[in-house]
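All chains are identified by letter, namely A, B, C and D, in their written order; residue positions are counted from 1 within each chain.
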Amino acid sequence: MPRLTLDGIAKNFGGVPALADVTLDIAPGTVHAVLGENGAGKSTLMNILSGLYRPDAGTVRLDGRVVPPGDPKLALDHGFGMIHQHLTLVDRFTGAENIALATGGGVGTGVIAAAAAGRALARDLGFSVDLDRRVEEMPPGMRQRVEILKVLVRGATIVVLDEPTSVLTPAEASSLMAALRRLAAAGRTVLLVTHKLAEVFAAADAVTVLRRGRLVATLPIAAVDADGLAALMVGPGEAAMPAPAAGAEVMPAPAAGHDNAVPVLEVAALDVDDDAGRPAVRGVSFRIHEGEVLGIAGVDGNGQAELAEALAGLRRPRSGDVLVDGVTVEPGRPRQRLARHRVAYVPRDRHHAGLVLDMDGSRNLILRDVDRPPVRRRFGIIDRVLAAARLTRAVADFDVRGAVNGPVRALSGGNQQKLVLARELGHQPRLLIAEQPTKGLDVAATAFVQRKVLALTATGAAVLYISTELDELRMVADRIAVMSGGRITGILSRDDADLQSLGRLMGGIDRPSTDDTAGAAA
Amino acid sequence: MIDLFTNPTALADLFATMLRLSVPLVFAAIGGVFSERAGMVNISLEGSMILGAFGASWGAIAGGSAGFGVVAGALAGGLLGAGFGIATVYAGANQIVAGIGANLLGLGVAAFLHRLTATGRAAENRVPGFADITIPGLADIPIVGKALFATDPMTWAAILAVPLAALVLARTGLGLRLKAVGENPRAADVAGLSVRLYRLGAVTLCGMLAGLGGAVLVLSQVFLFTEGMTAGKGFIAVAAVILGRWSPLGAAAACLLFGLSDAIQLRLQFANTDVPYQLFVVLPYLAAILTLVGLVGRSRAPQASGQFYRRESR
Amino acid sequence: MSVDLRRLAAGPAVPVGAVVLALAVGGLLIAATGGDPIDLGGQIVDRVLLDYWGISDLLARMAPLLLAGIAVAIPLRAGLYNVGAEGQIYMGGLFATVVALRMPDDANALLAITAATLAGALGGALWAGIAGVLKARRGIDEVVTTLLMNYVALNLISYAASGPLKAPGAPYPYSPEVPDIVRLPLMMADTEAHIGLLVGLAVAVIARIALARTAWGFGVEVAGKAPGAAHYAGIAVGRTTIIAFALGGAAAGLAGAFEVIGLKHRLFAGFASGYGYDGLVVAFLAGGDPVWSMVAAAFMALLRTAVTTLKSAGLDATAVTIVQGLIVLFAASGLALQRHGAFDRLFARTRPAPTQPPASASGTASASGTVQP
Amino acid sequence: ADEAVRVAAVLPGSIRDQAWNQSAYEGLMKAKETMGLDVAYAEGVAEPDQLSAMRDFARRGYGVVIGHGGEFQDPAEKLARQFKDTLFVVSSGAEAGGNVATINFDYTQLGYVLGYMAAKLSTSGTIGWLGATEIKFSTELVDGYTKGAEAGRPGTRVLVTYMGDWNDVAKGKEAASAQISQGADVIFPTMDLASNGALTAAREAGIKAFGIYYDAIVDWPETVVQSVIMDVNAALVHFLEDAKAGKAGGKAYVYGLDTPDAARFGSFHADVPAEVKAEVDQLISDLASGKRKI
């Protein structure tokens, strides 16, 4: 008998169907992957399981008994525990307090017990977290780990994970997958939403594919391969986007060494502090040349965010120089960065900095240049036609799905990310700084973005590509720098960047650097 | 005037005045802290205070003792808080507008019922209030002794309420959950907490505490109810919550600041008859603003402050 | 065909219904205290809505209410609560009076009026600007500063009227009357309905265009809705805060100036009491939109006028205050329920379930097909 | 005139303020009873609404429209030009003329008596006066009070507090306490409801106080030693009799000790020494007869 049965689940938002007639059985003791394109309805379905959304029709049964819909408390009592795509943490609480909030009960706050349980579990999972730190001061990866701990500590019997690994390092991700297998082995039921097919094959027993709100197939893992899944997700008759690996072929990587190339970005002896005034970036120097992609690898929280913000003009460096096309970028003047230096920036947190969630798609697309022609017309009036045209193009180019004419808050996570990318890539930048740009994107969109990035380099632009995913970096970057403890511990050419050497550099073990400023000085 | 700050009797007196002016504010402001920490901007404290004052007067007269007054005052204030909560938490009414409406309602109902139940002569409506209780020995401590240890139970209740509220917020699961509701209702919701119940509870508690603040005026200070007797104290309590950075201790300190500057200005007036009295009247407000300017660091309201929470909106 | 309830719910039916409900409760209350609610309702219609003087009263009150609403609405767009329109109105009145009293009798009327008006706007802007600067530069919560500054402004006016600006020999603390040339022309002869309302309406339209259609307004909105994104987009949140506050204060200052040069013709303490706080209701009922504020201001003006009418009809003032509070509470709740689509859902449930999208036939046959009620 | 005189009053505050507004309300109700007048009133009318409230009454045919407070002077003058047949009356008003009348009590004179008596009663040599805001009513009262104190005993210190509020009872109590702690042993609170707080403070401290508007000793038997009675009813009756006879016009009616039915003093407390009583009574009669000027 199935542990969990979904029967005829349907959900509309403002009359637009997000899910229709989803019927599905899930066996106990299995990891069940749920796949689908951005906006396919995965999160909606998971939110229905966790009681956050009330389905318009259909029932959820646990061991044959109906779970009353639309009540998170009841769902928790039934053993459901969900890791949300957009984290549900209290920013001003510490990690331990967030865990205590979920575990609850007792006379005191339960923070001490929560912290102990959280630490023990983190050790098991190989997660590095500082549970005494406030969430708002944590790097995204650590927040994600807290969100995971919060649910697992509670001892959920049905664990629902909505894209839990999008900001984890490969090591953490694989350790999480192993943990999920152990949970399944212990008889728990795991639902895993992910865009990473590798994770599906590593952890799942069965896989369900959603397409535009409908269930297309549920298959045992043995019965599918990557291409098959991709085809199921996209559906027949739709032009499948090129496979990820094709990206690299769009623009052959320039030969190593850039003796004749023109540097677009020059960073010299840059020191940047974090919000608390502690040094986060220490003496970083590097160059990116025309047509080049420099990847930055490393466990997040090692200064990548501060580096990106400093380069984007959002954070005033303590010292050091940043030059774009040979012109010094004045610190703390984001407008200059946008208008003069043509630096595009995809921030790591689309909800905090990337989007105005309460504005519609077209308004989010003019966010960067609303105060300049052509968007700004006479008397400061905004050209709405132009904004609308931008939206139309973005929707077409990036295949954005959902109600783009309403507040973008309602869009699925992946589709929100596509809007950010559409805006940042749409201005022919000279330099693109991208932090985790494919976070939450589906397979096809990821490939598309990577192709776009490489196409950008064909115009002579330079790209700084920050990611915790080594595979992705190896696909797009010409060289990969590793950041550890605020320093660049080494820069490797793509071909040298094997897991071992990268891992060593991440550990902070310095190695003779191939830093090109050093080369230039010689 | 130097006399005012050097003469021990005058100082003791100043201290006592400060305390008495602050106590009603302290109750209301602590209520405000609970409400605000749960994400509810509640400017209906004034309405709850006046209803509390009326309830205290009615209860004490009907029940024949101050104890009944305390209960009735808290209930009356809490009722308005609950009404405000239903309008804002369930119907989603804007908290500021609903607060203004609730204030009108509170002022109206208190006066309306007072007219129904009492005559227009003060002496005929005198309320059996609390008598001062003197603790021998302690009451003789210079300056603070008399004010703190020869006083009525409501003052002690206020003094106890402050650390108690701080303790609840900082050291209990209830406090943790309440703060979570105010910071990130979505996080609280997925943790299985009923955001609506917590918020409704917080504003009801807030109303009750504000009601107690009103009750203090009647039961410990003037022993009668009069229309409009709160005279804007509820708004000062709202200011104290923010001035005190949403913490019970801070809010209480802010109330003391208001009380102190009012106590001082009432005394400074006689010695400086050539200075326009308006300057003295605004002293508490100026002191509060200057204190804010002097404090270092930014104060942050709870993140979801004033926001209506709806489960299915993202 | 039956009436489409959902269409009605989306229209004015809900706020109107809420007001009707509040009136019904108020009517019961009035009946309980021996009044005749039907007769009183009739009197309000006769004496306020269908009457030259009643309408003039309505228009005279609408002007400061609308401007006070805008004073709240502009900073609100930047995510800021301006609780200080009351004080800003007073400061506007003060500045306008000071300038108006200095106008020579043979000055050009248009110039004189403009000067006094601009002075009023400046007074309000400066007063609000203080809160804006404190917020932007020191992070000081604007609710508390604006609230407290109301008391300061009130006493400042009281001082000015009883001290430096006091009319010679005045029995009561008030300033001399402002010269005739700075007095605002009337829209309706012999009434108080001055042309300040027209200015207010124009300000509302301009504010709406500036907020909704211009790059500046866009920046204000982003600063209010997503400070992180504003920082990212290079919008100076601090400067936006100050400007939004100053502009809001200017609107309130206009209201104060018009109360002096259009209505009272002199300055005294409490000359416009309550308009600033009512402005909060106006702005929030209008969802922060200056144009919708016109409707909300008309509503609040009607409420104020009706309240006076009820009182002079011999109704107990406390009962009137209760009805007033209920109306504000119910209107806010009704509007909110409507905006959040509660009525849509309610009516949707009573209607036949929405038809499935046509593609549904091709899916796996749903086992039960039961629809949740 | 044959028609019954219809009288309406616009009151700025609550008819239950135990002071200014209540006295007018009660006066009006008494006038209704005793003179059979058709009366109406609107209470708690805020500043911005005062003019239209008055106009409303004028339009509904009330022949006499009272604005109860100096702030009604301007509205009354404006309306007087429009409604020529209506008599507008401003209590505490400044200027009479045409169809605007003013009703005033001789606040200076009344304050003088109490200041004199306070100085006589005070053992500390310090007395207090409390008011809300600086309006004519207050400034004249305090002026008379101070002069009277000086006449009663030269060198008497008069503490003056303006609270900035009429009805804040708790603050009234603290304001009085502050005066008491500075040595005041006789106080004269002149606010509205807030006076209750000041009298409470006086009672608790066991010092003496004066009442206002009515003979407050009935409510504060331990505390109030004398009250200045401003009998709005009697004032109205005076005025309305003129009006009924068609004699009332834009006159300035001032009620002082020479019209004792309108302005007088109440009962002495039993503890007031006989010689003080005698001196005060003498003062009152001298002032009433005009023998003595301030």
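As a convention for this text, a contact is a pair of C-beta atoms (placed from the backbone, for glycine too) under 8 Å apart; a residue touches a chain by one contact, two chains touch by 3 or more.
For clarity, every value in this text was computed on a predicted model and none was experimentally measured.
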Contact-graph separation of subunit A and subunit D, given in steps at minimum: 2
Per Cα centroids, the chain farthest from subunit B: A
Where subunit B and subunit D are represented by their mean Cα positions, the distance between them in whole Å: 34
Gap in Å, rounded to a whole number, between the CA centres of subunit B and subunit A: 47
Where subunit B and subunit C are represented by their mean Cα positions, the distance between them in whole Å: 28
Distance from subunit C to subunit A - Cα centre to Cα centre, in angstrom: 44
Two or more partner chains touched - positions in subunit D: 14-15, 134, 164
Where subunit A touches two or more other chains at once, by residue number: 54, 357
Touching two or more other chains - residue numbers and ranges from subunit B: 111, 115, 227, 278, 281
Residues of subunit C touching subunit D in the complex: 47, 53, 57, 60-61, 64, 155, 158, 162, 170-174, 190, 192, 259, 264-266, 268-275, 304-305, 307-309, 311-312, 314, 317, 321
Partner subunit B, residues of subunit A touching it in the complex: 50, 52-54, 70, 72-73, 76-77, 82, 84, 86, 88-93, 97-98, 100-102, 104-111, 357, 409-410
Residue numbers on subunit B that touch subunit A, as the complex places them: 171-173, 175-177, 179-180, 183-184, 186-194, 300, 303, 311-314
Subunit C residues touching subunit A - in the complex, by the definition given at the top: 210, 213-216, 218-219, 221-222, 225-226, 228-229, 231-234, 353-354, 356-357, 359-360, 363-364, 366-372
Subunit B - residues contacting subunit D, complex: 9-10, 13, 17, 20-21, 24, 111, 114-115, 120-124, 217, 221-224, 226-229, 231-233, 262-263, 266-267, 269-270, 273, 277-278, 280-281
